[in-house]
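Presented below is the structure to which this report refers.
Chain lettering (A, B and C) follows the sequence in which the chains are written, and residue indices restart at 1 in each chain.
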Amino acid sequence: MLNPQLNVRGELQHLLSIEGLPRAILTQILDTAESFVGVTEREVKKVPLLRGKSVFNLFFEPSTRTRTTFEIAAKRLSADVINLNIAASSQTKGESLLDTVSNLSAMQADVFVVRHAASGAPYLIAGHVKPHEHVVNAGDGRHAHPTQGLLDLYTIRHYKKDFSALTVAIVGDILHSRVARSLIHGLTTLGVPEVRVIGPQTLLPTGVESMGVKVFHDMKRGLAGADVIVMLRLQNERMRGALLPSAQEFNKHYGLSAEKLSLAAADAIVMHPGPMNRGVEIDSGVADGPHSVILPQVTFGIAVRMAVMSIIAGNG
Amino acid sequence: MLNPQLNVRGELQHLLSIEGLPRAILTQILDTAESFVGVTEREVKKVPLLRGKSVFNLFFEPSTRTRTTFEIAAKRLSADVINLNIAASSQTKGESLLDTVSNLSAMQADVFVVRHAASGAPYLIAGHVKPHEHVVNAGDGRHAHPTQGLLDLYTIRHYKKDFSALTVAIVGDILHSRVARSLIHGLTTLGVPEVRVIGPQTLLPTGVESMGVKVFHDMKRGLAGADVIVMLRLQNERMRGALLPSAQEFNKHYGLSAEKLSLAAADAIVMHPGPMNRGVEIDSGVADGPHSVILPQVTFGIAVRMAVMSIIAGNG
Amino acid sequence: MLNPQLNVRGELQHLLSIEGLPRAILTQILDTAESFVGVTEREVKKVPLLRGKSVFNLFFEPSTRTRTTFEIAAKRLSADVINLNIAASSQTKGESLLDTVSNLSAMQADVFVVRHAASGAPYLIAGHVKPHEHVVNAGDGRHAHPTQGLLDLYTIRHYKKDFSALTVAIVGDILHSRVARSLIHGLTTLGVPEVRVIGPQTLLPTGVESMGVKVFHDMKRGLAGADVIVMLRLQNERMRGALLPSAQEFNKHYGLSAEKLSLAAADAIVMHPGPMNRGVEIDSGVADGPHSVILPQVTFGIAVRMAVMSIIAGNG
C-alpha cells in the first residue's frame, strides 16, 4: 500500500501524521523551518512562496490558537487565507464532509488545513482532493497533531543539537493526547535512544510499551537524568471524571515542580504544548523558569507550519 | 424611471437582480468571467484589478458558503476584504440598517456584498450609498440571488455554447427559491426558447406561467428532451411543514434518478446550486455521474463573482 | 515613574489613554492622520508602511464596529491582520490573560489592538510584551477609548482649525462613557479654554469638576454659545435601570433637538461616537442636518488609527 502522505516521487504531498514519515522528510521539514525562523525575526516577515495560492483553514471544531498559528504562517508565505468554521454552517444544512470539501476544492484550493473531532477525517479528505491539492492535519480527535509534534522535534533539535544520545520524558495524560502519539513516533524515527512516558495507569494507553517507550508511574524515577521533559496538558474534563482523584492530587504526583525538575539533567529543557494549567500539571515557577522553552516552542511552531505548507505546495 | 442597477451611461453600477439587466450586460459579465476562468487555474491566482479597494461582505444572515465565494473572488482581485456578520453586532444595539451602511461607507468602502433576509434590502442600500460605491446582492429573502443565476447561465453557455435552441427544465421548490427566479429571467433574456418548471402545485408560485415558462407537475413529461436540468435544493424546513408529505414521497415524484434522467436529451447536463440533499431532490448516482456539472458550477461561480466586482468597480 | 506609553526617547510606544500624552504627541498624531486622510480617498487606498508586520485584533469583548475600523486601518497600511475573539477560545480553557498574550507575542506580533471589559487590561498587557511590540487600547471597561478621543480631536481641529478659543459641550451619560474621559483630557491638553459637561446628576461622575470642566444640568444653558457639541450614546441598559425615568423623559431634557441646537454658536458642529439612538439622545433632523459631522468622524477615525499604528510601529 502506498503511503497516503507521499506522492509517487516519494515527496511530501499531505501532512497527516508523523507516523509513516521517513527520517529524510522529517529532517527536510526541520531544516526548512530553520530557514524560516530567520524570516519571522525580520522587519518584513513575509516571503512570496505561496503568493496567489489559497489556503483554507477548515475547522470542524473550534481552536483559535491552532487556527491562528496556521493563519499567520500562511500569511507570512503571502497566501490568501480563508477561515471556515464549519460547525456553524453547511454541516448544519446536512451537507456531508466530502461534499463540503468537493465544493471548496472546486473553488481552486491549494492547501486545506483541517481540524476535526473525528480521527481519520484528514485522511478521508486527503483521499478525496485533486492531485495538486494538499491536506495538513491540524488535529483529528485523539489521533494525531503532527505540526505540534514537529515543532516539539524542532525545539529539541534547536536546544540539544543531536537526537542520538537523548533521554526524553513525556509526562501526564498520554491516553487522551494527540500530541504525545505524534511526538513519540517522531523521536523514535529521529533516533532518540530513550523515550519515557510517565503517568498514572489510568492515563496511559494499554500496550504503550509497543511504541518503544519505557513506562514509569513514579515521576521522580522517570525524570531521573532526563534531557527533555514534555509536560502534557491535563484536560479539565478528565479531572471531573472517574480517571483522577483531583487536580491537587494530580499535581502532587505528576505536576512538574522545581523539586522534581531538579532530578533531571542539569541542562534539561521543559516543554508544554499549551495552554497550561498552572498549578496542575506544571508549577508557575517552572513554567516561567530558566529551563522552560515553552514560548520558543510557539515561535518555532510558526516556522514549522511555514515549512510544511511551503514544502507540500512546492511539490505540485 | 431609471434602472437602479445602471449608471447614467447605462453601465452596471450595482448587481441587484438579473431582472432588468439588458442582454448586452449579461453577455459582458459572462465574457469577462470567461477571462477569469483562466486566472483561477494559474499558479498565481491573482490579478491586481481591485488592489487597494475595500470590499465589505455584509452578511445580515449567515451563509458561509456564499460569503466564502465572494471572499475568494475579491482576494483574487487583490482587494482588501472585511467580513461583517451583522446579526451579532450593531443591529443588536438598535442601529438601523442605513446607519450601519452610512458608517461603513464613511470608512471608504468600494463594494458592498449584501446578504439579507429581507427582500429588497440591497436595493435600499444601493439607493443610499455614494456614487462611487457599489452593491452586489448576495441573496435577499426569496427575491433574488443574481450571482447564482449568472453562474448558472455561464455553466449552460460553457457546455451548450448557444442559448437559442435549448430546453431548460427547473425542478423542485420554485416557490421558495431565489435561484429559480433569477435564472428564469436570465434564460429568457438570453433567448432560451423553452424554459420549463417542474414541481408540485404547492411549490410553484401562483401565476408562474406569466414569467414565460411551461409548467409541469409530472416530472417525466417535463424532462422529456431537456438539454439542461436545474435541480433546486429542498429546504429541510419545507419537509416538516404542511407543503409536502415526506422526503421519500418527494424523492419518488420529483427527485432526479438515473431513470428519470434517461428521458432527457442524451447529452443533457445536470445542475444544482448546492448544498445537495442527496436522496431527496437528487440521487447520488446522478449527482456524481457523467451528466453532472455541479462542481464546475462552483468553479465558474468564483469567476463570475470576480467578473461582477471588477466590472462595477471599473465603472467608477 | 515613567510614562508607560512612551519609550526612553519620549516617543509613543503604546497608546493606552489620552491622559498623560504630551501635547506634542497629540499634535504629531493629528498631523500624521491628516496625511492619511488623503490616502483613504485615493484609487489605491494603501501605503506599505506596515508591510510584513502582524497586527492582532485582540477582542475580549465583541465590538464589530471598532474591530472593523482597526482592521481597515491596518490593511490600508499593508499589515497582516489577525482577528481574535478571545471570549470564545482559550480563556474558556482557563488560560490567563498574560499567558494568552505571551503566546501571541511568541508568534512575533508587532501591534496588539486590545479591547477588554476590564479597566486597565491594556496597561497590564503593555507592561508584559517585548520591547518592539506595541499595544493600542481599543476600549477598556469604562476607563478609556483613546482612538475615539483622538478622532474627536481631529474632527474638531478639521472644522475649527484652532483649539484656543473654543467652547466644547459634552452631553449625556458622562458617568459610563469611556469616550468622554479620553476627550476631556485631550481637549484640556490642546488648550481648549472651556469644556462643559451637561447631564443629569445621576449620569455625571462625582467630582467631575476636578477634570477642569464646567457642569450643567440644564442643557439649554450648557449649550449657549457652544462651538462644538459632543453627544454621547445612552446605553440601553441604563434606561432600564433606576438611573433614568425613561427614554422619552431623557430626550426631553437631554436629547439634542433643532430647537436646543439653535442656542449654540451659528456654526456649531455636532458630533456623536455612534451608534446613535435616534430620538433618544439625538433627533434625526439634527443627526442628518447641516451641523452634523458624525459621518466625517468615522472617516477621520480610519486615518487616526492608521496614524497611531504607523507612529508606534515606526518607533521600533
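Following the convention adopted for this analysis, a residue touches a chain if its C-beta (ideal position, glycine included) is under 8 Å from a C-beta of that chain, and two chains touch if they have at least 3 such contacts.
Only a predicted model underlies this, so the values are computations on that prediction, with no experimental measurement involved.
Two copies of one chain, chain A and chain B, touch each other, and the residues they use overlap weakly: the shared fraction of interface numbers falls below half.
Here the C-alpha atoms of chain B line up with those of chain C after a rotation of 120°, rounded in steps of 5.
Remark: chain A and chain B have CA centroids separated by 41 Å (rounded to whole angstrom).
Of all residues in chain A, none touches 2 or more other chains.
Those residues of chain C that touch chain B in the complex are listed here as 40-46, 62-65, 68-69, 71-72, 75-76, 236, 274-278, 295-299, 301-302. For chain B in complex with chain C, the touching residues are 51-54, 80, 82, 84-86, 88-90, 93-96, 99-100, 102-108.
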